[in-house]
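In what comes next, subunit A is part of two complexes: it sits with subunit B in the first one and with subunit C in the second one.
Right, the complex of A and B next:
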């Protein structure tokens, strides 16, 4: 079941009438609802399977817990020893699903389009870490959490996936992609808006 | 500048150029920036600030920090007010308003002061003894006792301020920024560790802020020079976070420490300002440098305003430039009070004498005092005091040779203040909260840190160090070793050399003798507990210190007995003839000082109190004026009132429309789990009670899941999308827990099964349409789909396009009508909904909410997990024997269904109830009896689980769980209500279309 259609797509923050970018005090927050997301499960210990995935979408799945790999425009986030989330360009999730399904047909594996299950809040700037610390119990100091690191954690009272996508040394400061369950988007946006102060 | 009578001409750290106006009990005063409310009041000669809790005795400022038991005030007014604020820790700001608590009509003339005259009638345990009988009157007594007791007022409106919380992690958390803490932070920071340094005061420095350095040298300079250089050094370290105005209030497991930062308490405050921040710190290493708290001396009439701790007097003189009085008497059992005497004398305060309980005082400090011309009365004691609202004189006598009584003549010393010191107790509160063991130091009469249970070190005065040199060297050592323990081995620093006078030994003096029998000596000032009260408690048989504490209330005030607890222990030990360590200490509990509810709640207030989960169609429901119902964290449309409709009218209309035309329901909250793998069918066979292996691709089946105890856990429809691919639905509330349940069985019990489960609850928006016109409606929007009943049968699935959106359509029903569940990617949920509403206009489409859904399913006798079932109900109890397949092999809960208890005939079973009056709707939860008695108790044989008015039947219907219910059909039972008894008849729970003809229409 693909999602190509003529109908109007709506972001979970559509009711904010486009007020989905906030810039204040060294922090920038913006919604990116359309990034493609595909949940992939399979046996990480099976080199043949890994090679099949590599051949299909040209990315090496990360093996170390809470890390990611990247082959632009695709990145792969480690979620569990046998589970990853592949993030791809807006609208390309159908192709990624098709490629993966073709590759894993002979294996016990699972490929599920979860593009609409989560929206993405992109948080950046020098103050981003302090803002996250208000709602996240993990140690997000650069010595503990850096470029490419992934966490599945609570931000305020929403379960999110957190992914640092640029280095702290970058000019605009670090960038974090926060994958938010769709139904929690309004809550977490409100919480972040309040926490930015 | 307006005159502040007791402000010294110079000295102190206050900003003398900045005058600050404030009010106390309605009177206007002036202080300086940098003052506390206490120092500013003292600068204006105000000592009397409150009345005591029980006897309403006048009380003054006693300490200079968070140990303060007496000077509790109400701060602010209206919604922005705080009770029980210690004047000694309240920073002065322009416009501050403070009032005394616990006095009426005024502080100086308090009518309840009469309690004091009859204090002999109010001994320990008075309330327990007097107000016990008759028990029914306690509520009456309590109201009046509460009013008489001295707690402040609660705010009268919503808190206008903001609070926030933050998490923090560090290598080394240093608590207390006195000399030891500063040295530790400096050493750890230099080594490269991530350091947080927190201190409860506005300025970092601790005791150094009160140290004039007249007799002490650090390195080549004064203590102040060292403080300035150290603070500058710390401020320059990137990985060191300095948190002044921040109290470590609780020390929990795994070095988790709670800090309360007072961000805006020292500011006048605007609505919406950030007032406090709660820090949740996880530290690899903790260094406690929490200092020591001076003990009071227990002597006759020791509670008059003007009598304060010697260290506090010293702080007021040196740090705030305030004289605690013009003539003072110092009373001590140790050398530290001599520093206070010297500093007061140097500031021009007349020191009448140092009365020292020790027989021989010849160390450095007494020598310095004598050289300064201060009379030292060694081997003497204060036997009584005078003065109504302020001390005016003390009586002094010589101690007898044994030291347990007095001898000789009484000498009266006129004075307006007394500075006393009973020695210093290490502030071991946090160490003890961290489950560290305490050991008793016989020499100093103190409890000090013993064996630690966490990665924590105690340094400085909280480890019984009294000399600055020891504090600094211990701090440097602890900071360095803590950093090394976390792998930071950067630069090393050395502690500076310190020149300071030697300290002589202290002499424990737990109760100073007096020539007057029965005179009151206060131990716990806030709760008005005297030495006599403790004696009485021991005589009455209270031997455990925990019992004595509760009986006398000693140490149970907001100060938790910081200045008096050790004295109380010692007095109880004396009475019991036991050693102090044998008596032990009472438990040190968090919080160290009170924490506001605002800080504990943080930003989780109002709209952020709890997440509101929204479906993709949420905005439409809002636009249509729907009333919402909370289902877990979801907001679901409950019903859609039109015009002036009542809830009943709206629900009746919605229920009828779904049976007569077409209804539309937002079903997006339904839990959805994608299940794949060669063993998926076998897996479902094990988690559901019925069989799944023969289900055809494209077909749907209803299933019930049991817990391993055989009780119904969840239910829903699962569709076979492919040979090895299923889509399971769960109830809204159980979506997450069912997924966890499935994962648990796969990972722990059946790792051999090749199955992957992925939640797709949020991926799909689900719209349910039902009713006789549902098919026509769908046909108009899905021209490519085959919808005729022969080719799209009940309980089957089709993929296609609906309103131009790729959709998966299930023909299923929770209402007994022909129904379709249309699933589309969530981003198109609203578009699908809008298209159905528009297309449905010609069919009279009616949106219905969860209430109508409940009525519709109740008409059909469908149970709801969590409503009919409550964790004690088997599918057999629900009359659903048909869902249990005994021949397919094992499934979760199977064995439990044949336990003797689960096969009893008299278990509660699901039945329907008709009230004798068809308009009467029973309350859900109503208890049902077979025999009505005049009054409870009656034998309850069951209860109502669901109850509605059914517009399709034109009468009320109810579902109930009744003992042996299926055998009672036709029986008359009763629902006894407070004002009447409702007669009910037991029926079958399927009320409408029992043959299911409409479903296949």
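Right, the complex of A and C next:
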């Protein structure tokens, strides 16, 4: 949460006292509680609306299901034919919301700051796919789920948004951002910690 | 594992979905004047066939969109998927 009168954001893993990085057997897991997140809904078939969004935040919304676009410092994740999540730098979500609200005022659309609804677990390394596959029914082979791909799915029965942000060929291996509702964060962190072994 | 083909997300595990029951049931006109039997028929009576079933599904843990599925209740084979505003398709060689 950015500046303002509200209390500072607190990680749902705050009780772990900072022990929120695990590196073991070719897998690295770390919490990134700080990314700003904005939910955006509107008519993807309306070119005028899409142009207004582009003019406001300078990113093209992905049109293909379960894909993403990136124009630093923003990413846009496809969630539904009429719904996206914009991910931005910590503290900038207020500005993104203000820009979007100005752009969509004349349209049937909605803009909601959902920054604190979810935290992000960043899972990376050569073993990351196998680890995810322990609790996820998605086809996680690189030919089916690769760089930039997005999925809303179940991980160990928790509803998550999965986003691959770095290619498998990268030195650090593939990187997956797992967006988890904060009320599930402690549970899913425990599950991942156990699954890493 | 039963895979349901979402029109947007492709094949996903059935656990990501919510089944909305039989499709193409029209709310009767004049709900304030029809008799209890007709209203109960609308609310509760379903075909429950052994064979082709036209039903609604929602990708609850994915894109959250509703769509139609034609499923064989004997084999769980899915024979067609179509949008909410589309008419039920004929399945060649099969009668519903």
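Following the convention adopted for this analysis, the second predicted complex is superposed on the first by the 190 of 197 C-alpha atoms of A that agree within 3 Å, B and C clash if a C-alpha of one lies under 4 Å from a C-alpha of the other, contacts with A are read in each partner's own complex, and residues count from 1 in each chain.
One rule holds in what follows: a contact is a pair of C-beta atoms (placed from the backbone, for glycine too) under 8 Å apart; a residue touches a chain by one contact, two chains touch by 3 or more.
This structure is a prediction, so every number in the text was calculated from the model and none was measured.
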item	value
Touching partner for A:153 - first (subunit B), second (subunit C), both, neither	second
Which superposed partner A:63 touches (first subunit B, second subunit C, both, neither)	neither
Contact breadth on subunit A, by residue count: subunit C or subunit B	B
Partner chain(s) touched by A:71 [first = subunit B, second = subunit C, both, neither]	neither
First, second, both or neither for A:182, with subunit B first and subunit C second	first
First, second, both or neither for A:191, with subunit B first and subunit C second	first
First (subunit B), second (subunit C), both or neither touched by A:81	second
Which superposed partner A:137 touches (first subunit B, second subunit C, both, neither)	both
Which superposed partner A:115 touches (first subunit B, second subunit C, both, neither)	first
Subunit C-contacting residues of subunit A that also contact subunit B	137-138
Footprint of subunit B on subunit A - complex, ascending	1-12, 14-15, 33, 39, 41, 82, 108-110, 112-118, 130, 133-139, 141, 143-144, 156-158, 181-188, 190-191, 194-195, 197
Residue numbers on subunit B that touch subunit A, as the complex places them	164-169, 194, 274, 280, 282, 603-604, 607-608, 610-616, 618-619, 634, 674, 676-678, 754, 756, 758-764, 799, 801, 803-808, 825-832, 835
Subunit A residues touching subunit C - in the complex, by the definition given at the top	65-66, 79-81, 83, 137-138, 151-154, 159
In the complex, subunit C residues that touch subunit A	1, 8-10, 12-13, 15-16, 61-65
